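Two complexes follow with chain A in common, the first pairing it with chain B and the second with chain C.
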Partner chain A sequence: MSYLAIFLAPFLGGLLYGFERKLKARMQGRKGPPVLQPFYDFFKLAGKRTMIVSRYHAYLGVLHFVATYIALAMLLLGADLLIVIFTHLSATLFLVVAAYSIPSVFSQIGANRELVLVSVYEPIFALVAVCLFLSSGSFEASSILGGTPAIYKYPFLFLALLAAIAVKLKKSPFDAAEAHQEIVGGMEIEYSGIYFEALYTAKWLDYIYAYAFCFLFGGSNYLLGISLAVFAFFVINLFDNSTGRIRYVSVVSFFARNIYPIAILNIIVTGWMI
Partner chain B sequence: MENLAFTLFMLPFLGGAAVFVTKGAMREYLSSLVVFVLAIVAVASYFVFDSSTLIIGFNPIISDVLMVFDFALFAYFMYQGLKNRDTTILLLSSLQLVLLLIFVLFGEVKSTPQISIDKLSIMMYLLINIAGGVIVLYALGYMKDEDTSESKRSYFLALLLAFLGVMNLIVSCDNLEWFFLSFELTTLFSFLLIGFRKDEVSRANALTALRLNLFGGAALALMIVICGFFIGTLSISSILSMQNSYLIMFVFALFSFAAIVKGAQPPFSSWLLGAMVAPTPVSAILHSSTMVKIAPFMMLKISYALHGSFFAKILSLFLLASFLFSAILALKEDSFKKILAYSTISLLALMMALALYGTAAAISASMLLIVFHGISKALLFLQAGILEKTFHVKSVEDFGGLWQKSRTTAFLILFGFLSIVIPPFGAFLAKWLALESFSASSGIYMALSVVSTALGGVVLTLLYFKVNFKLAISTHTMDKRIGLRFWYKFSSWFFAFLLAIFALLVAPITADFFAPIAESISKSSSHIRSAGLNLFVNGGSFYFWEILLTFALMTAFALLSFFAPKSSADISSSYYCAEKKELKLSAFYFIDEAFERKAVYVFAFSLAAILIIGVAL
Partner chain C sequence: MSLFSKLLGFGAKKSPWILHYNAGSCNGCDIEILACLAPKYDIERFGAINKGNPKQSDILLVTGPVTKRSRERVVELYAQMPEPKVVVAVGSCTSTGGVFRGMYNVEDGLDRYIPVDVYVPGCASHPEQIIDGVAQAIEILSSKSKKFESAKQLMRKVEPNRPVDRTKIVMKIGEES
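What follows is the complex of A and B.
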């Protein structure tokens, strides 16, 4: 079952991405592209002429995809969440090293912003792992899915996770790292053709990765888990549609002033009550 | 085993003395021979050692002789204080002199065995002699590039070797007098090494190191007097096994104060930051295997006695705050060595906090971090030295072009940083274990420790990778490749391979080497076990297939760095918005002075808050 899920992950991620574009269009009163549009784009991109700045940079993009896929596979196979999170971090770091390796203003700014935003969202993922451990007694995704739902005890951590996912998936208002109008995609700028494909599909994998964490909040109650993931999907897209981008510095202070305090308080208060 | 231990204590001094009087190729052969023997003996001691503690008692007369050494040291420190008109040094060393004099004249203490070797000492031997030894080999190459006289080169290498001997001694002492002497000797050696270049800045920073470390020495001297007069024993192990009382608590407070000074925690961190003016092998050896590692070692010693006490909790929260704030303060630096120094201070705080937390899993994490941070930091400092001597680069702003000049150096810098941050390397595993063991506690303490561990870790990641912003840039101009000295290449790749091998074997090493030591320290089960090459801890797991996959990623990264395969794609230059101006890249610093001031206030405030909450509860 999990092997099938791993195999299908890019397709599911692509579908989810297509569905998201549809949903966003409907929220704006547009008809939107077909759900399979990401795949059409995929094939169109494959036919384009590939231009690279350096081989090192191009191949690191592929390595980023591989690392993202490995992290997701670990998650789907029920691995230790902290291991998953840090393997995923290594995927991001490969991309950052790649982006730093070319003398491009946009790429460099994008990499700097990405690093700052990583230090904002990564600890939230780690805290989520800790809370899932506290409610199920295990850091392993497979055991968490057999335990009590964490959502009742740690609802604010779920909210924090929503914000972290918005940063991770580069959703407005937290999309300063790629910021198409200002820094034309940041770290992605110098990728084209088949190498851009790697980044493009890695993003689809990130969709599955991020919403799988929401699903884990449902514990053994899969229906609850699915509802939470669907809820997260709607809320994140609602905010993406209705807010404007804020500066990366404001993202940091927003998290420092709101998200981290509620997460910490939730852990402390729940600790007292039990 | 006794013979092996004596070899570890004496050979560095004898070898150092021999190196001191030789020159040229002879010196090189001799030092590499000494280092080789030390490493073999350290490994042998691991295999030979079978009891839980080996106690060696010397004739008390030797202790009396060493006491004379103590006084000679005080005299030297006082002389330095007088010569440089430094009243603090003068006052602190005369205070120690007076305290010890009182103890010698009026104290009556039954003599106890001076040496006690346990598994923790063996672990430290391995770190000190192998990592420290290879740094001495590196120094052979470095000294050739150093602009100084031949005899001073010998002097430098002799000092480094002897330092290893002092370190071997300090991790084996059970008698407080001996411990104090070795503690003061490390202060002396770091003073001499930091001041090696004899210029204005070196001298000033060496004096800072001396001044601050003497605070630690004074705390230990006071501890000797208290133990001599009120507790009646100078044996560290018997003090540790005593019933808790206010007096004992005060003694532990003094001991951990000395550890905090040695571990360069704020407000005593300036000495380690200043140590970077010395030749780079000094920084490498201070940061990786000697000197600062005494601090977590001391915390591990008192870990069991303090386990669960309020004092331990408060102190470890203070250290976790320091872990986070030292990492944040490092963001403003542009000197590569200084960035590494801040990162050491930060990680030392984590090691000490984990040791104080006291569960077997946390102690394993602490030791994993001591060893693997040591190896990674050694690797990074060696690169810093190579940058300085071969490429004349000190600031991260000047990293551009390195990719073409020396792929090895550039790659090893990236690798060194990755090995602290990502799986499956040892330092990562330590942080993983840290998070998992902190999660098992409860309440405010748990929330704060988990959050600061997670945050501190990512801030360090941000720091490590932003400094490489132009490291890997390949311009199309042909920079000439520059070859590296043999000892540079040998020592660097030695550490890199050590990290790689231990990454693959991380499960058996953690479960069969570190966990048993941690269990003997904490006298409880660690719940860490390995099955084959899979690692299991309480509530978590790290399977070999995961280790293998992440290792494969790292291997791919390494291969890409050296042999990126040909690609059929067209090469273009990067998008520049049709600008004609030359592109000048500079590092991001993220924080400014105003922010730094604010951070210091917040740090002080949180300390006050921790203290107030502590006293209130």
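What follows is the complex of A and C.
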């Protein structure tokens, strides 16, 4: 079953991304692209001539996809959450190294911002893993899905996770690392053709990865987990559509002043009361 | 293999990513291009997005009469786009020079420097015209191959005072009826 899920993950991620583009268009009062649009983009990109800046830059882009897929596969197989998080972090770092390896200014600015934002959102994922451990007694995704729902004891960590996912998936107001027209996509600027496809598909896998964490908050109550993931999807896209981009320094201070205090207080207070 | 190439052609038809460059335009056409992306005309329903990155784009939308400052940028942006690619000249200025034709600071149209596939008339072009131009560009795009077009070849075509038969593009003054 989980092997089937791993095989289908890119397709599901592509559908989710297409559905998200549709939802965003509907929120803005537009008709929007077809739901299968990411797959059309996929075939289009495969037919483009590939322009490579350097071999290592291109290979690191492919490695980013592979590491993202491995992290997602480990999550779907029910592995240790901390290992999943760190494997996923290594996938991001491959891309950062690739972005630093070429002289493009926008690429380097994007890599700088991404590193700062990684240091902000990755600890939230680790804290989420800690709270899932506290509520179920195990770091393993398969045991968490058999335990009590963590959302009742740690609702504020769920809110913190929403903010972290918004940074991870590069949604407004936390999309300074990608910043569409401002730094033209940041780290992904020099990729084209089949190598950009690796990054584009890794983005689909990130969607599954991020919303799987929301699903874990439901514990053994799968219906609750699914509704939490749908709620997260809707809220993140609502904020993406209705807010402007803030500077990456402001993202750091926003997390330091609001997100980290509520997340840590939630863990301390819940641990104190029980 | 033929099924795969069919899929590639299908994808090229359904997902044109647009690079928009302003070569000294008065911003009239740019406003209309942005109107295409806005809710009323919503060009994204054809899968088109305004990408802003030449390496990931398929269609180059150029506005403006190509001032002398911007001509090298236009050629460079065109050379940075991977094949297959299509160029759309949006507006009278980009097609022929428009009201700026013959002035000392403009280059009288885009086709002196890069090969143009679709000319969209109008000052400023109406969003419906731009969408029609993009739709024709998509047709041309799906017939092009990913064969490399050398930038040097491109530059050789770019000679000053290259005669361009514009009578095929526009009517002479006085002929319109």
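Here, the second predicted complex is superposed on the first by the 274 of 274 C-alpha atoms of A that agree within 3 Å, B and C clash if a C-alpha of one lies under 4 Å from a C-alpha of the other, contacts with A are read in each partner's own complex, and residues count from 1 in each chain.
Just so it is clear, contacts are C-beta pairs under 8 Å (C-beta built on N, C-alpha and C of every residue); 3 or more make two chains touch, one makes a residue touch a chain.
Because the structure is predicted, anything quoted here is derived from the model rather than measured.
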> Given the touch rule stated above, what does A:Y260 touch, chain B (first), chain C (second), both, or neither?
Replying inline: first
>> For the overlaid complexes, name the partner, chain B or chain C, with more touching residues on chain A.
In response: B
> Does the superposition put A:T50 against chain B (first), chain C (second), both, or neither?
Replying inline: both
> Where does A:A79 make contact in the superposed view: on chain B (first), on chain C (second), on both, or on neither?
Replying inline: first
>> Once chain A of both complexes is superposed, is A:G29 in touch with chain B (first), chain C (second), both, or neither?
In response: second
>> Quick one: is A:V105 in contact with chain B, with chain C, with both, or with neither? Answer first, second, both or neither.
In response: first
> Just chain B (first), just chain C (second), both, or neither: which does A:F217 touch?
Replying inline: neither
> In the superposed view, which residues of chain A touch chain B and also chain C?
Replying inline: 49-51, 184, 189-190, 193
> Can you name the residues of chain A that touch chain B in the complex?
Replying inline: 49-56, 58-60, 63, 66-67, 70, 74, 79-80, 82-83, 86-87, 89-90, 93-94, 96-97, 100-108, 111-112, 115-116, 118-119, 122-123, 126-127, 129-130, 133-134, 137-140, 184, 189-190, 193-195, 260, 263-264, 267-268, 271-272
> How about chain C: which of its residues touch chain A in the complex?
Replying inline: 7-12, 14-15, 17, 39, 42, 44-47, 52-53, 55-56, 58, 80, 82-84, 146-148
> What residues on chain B touch chain A, complex-wise?
Replying inline: 403, 414, 418, 421-423, 428, 432, 435-436, 439, 442-444, 446-448, 450-451, 454-455, 457-459, 461-462, 465-466, 468-475, 539-543, 546, 549-550, 553, 556-557, 560-561, 564-577, 583, 585, 588, 590
>> Give the list of chain A residues in touch with chain C in this complex.
In response: 21, 25, 28-34, 37, 39-51, 180-181, 184-185, 189-193, 196
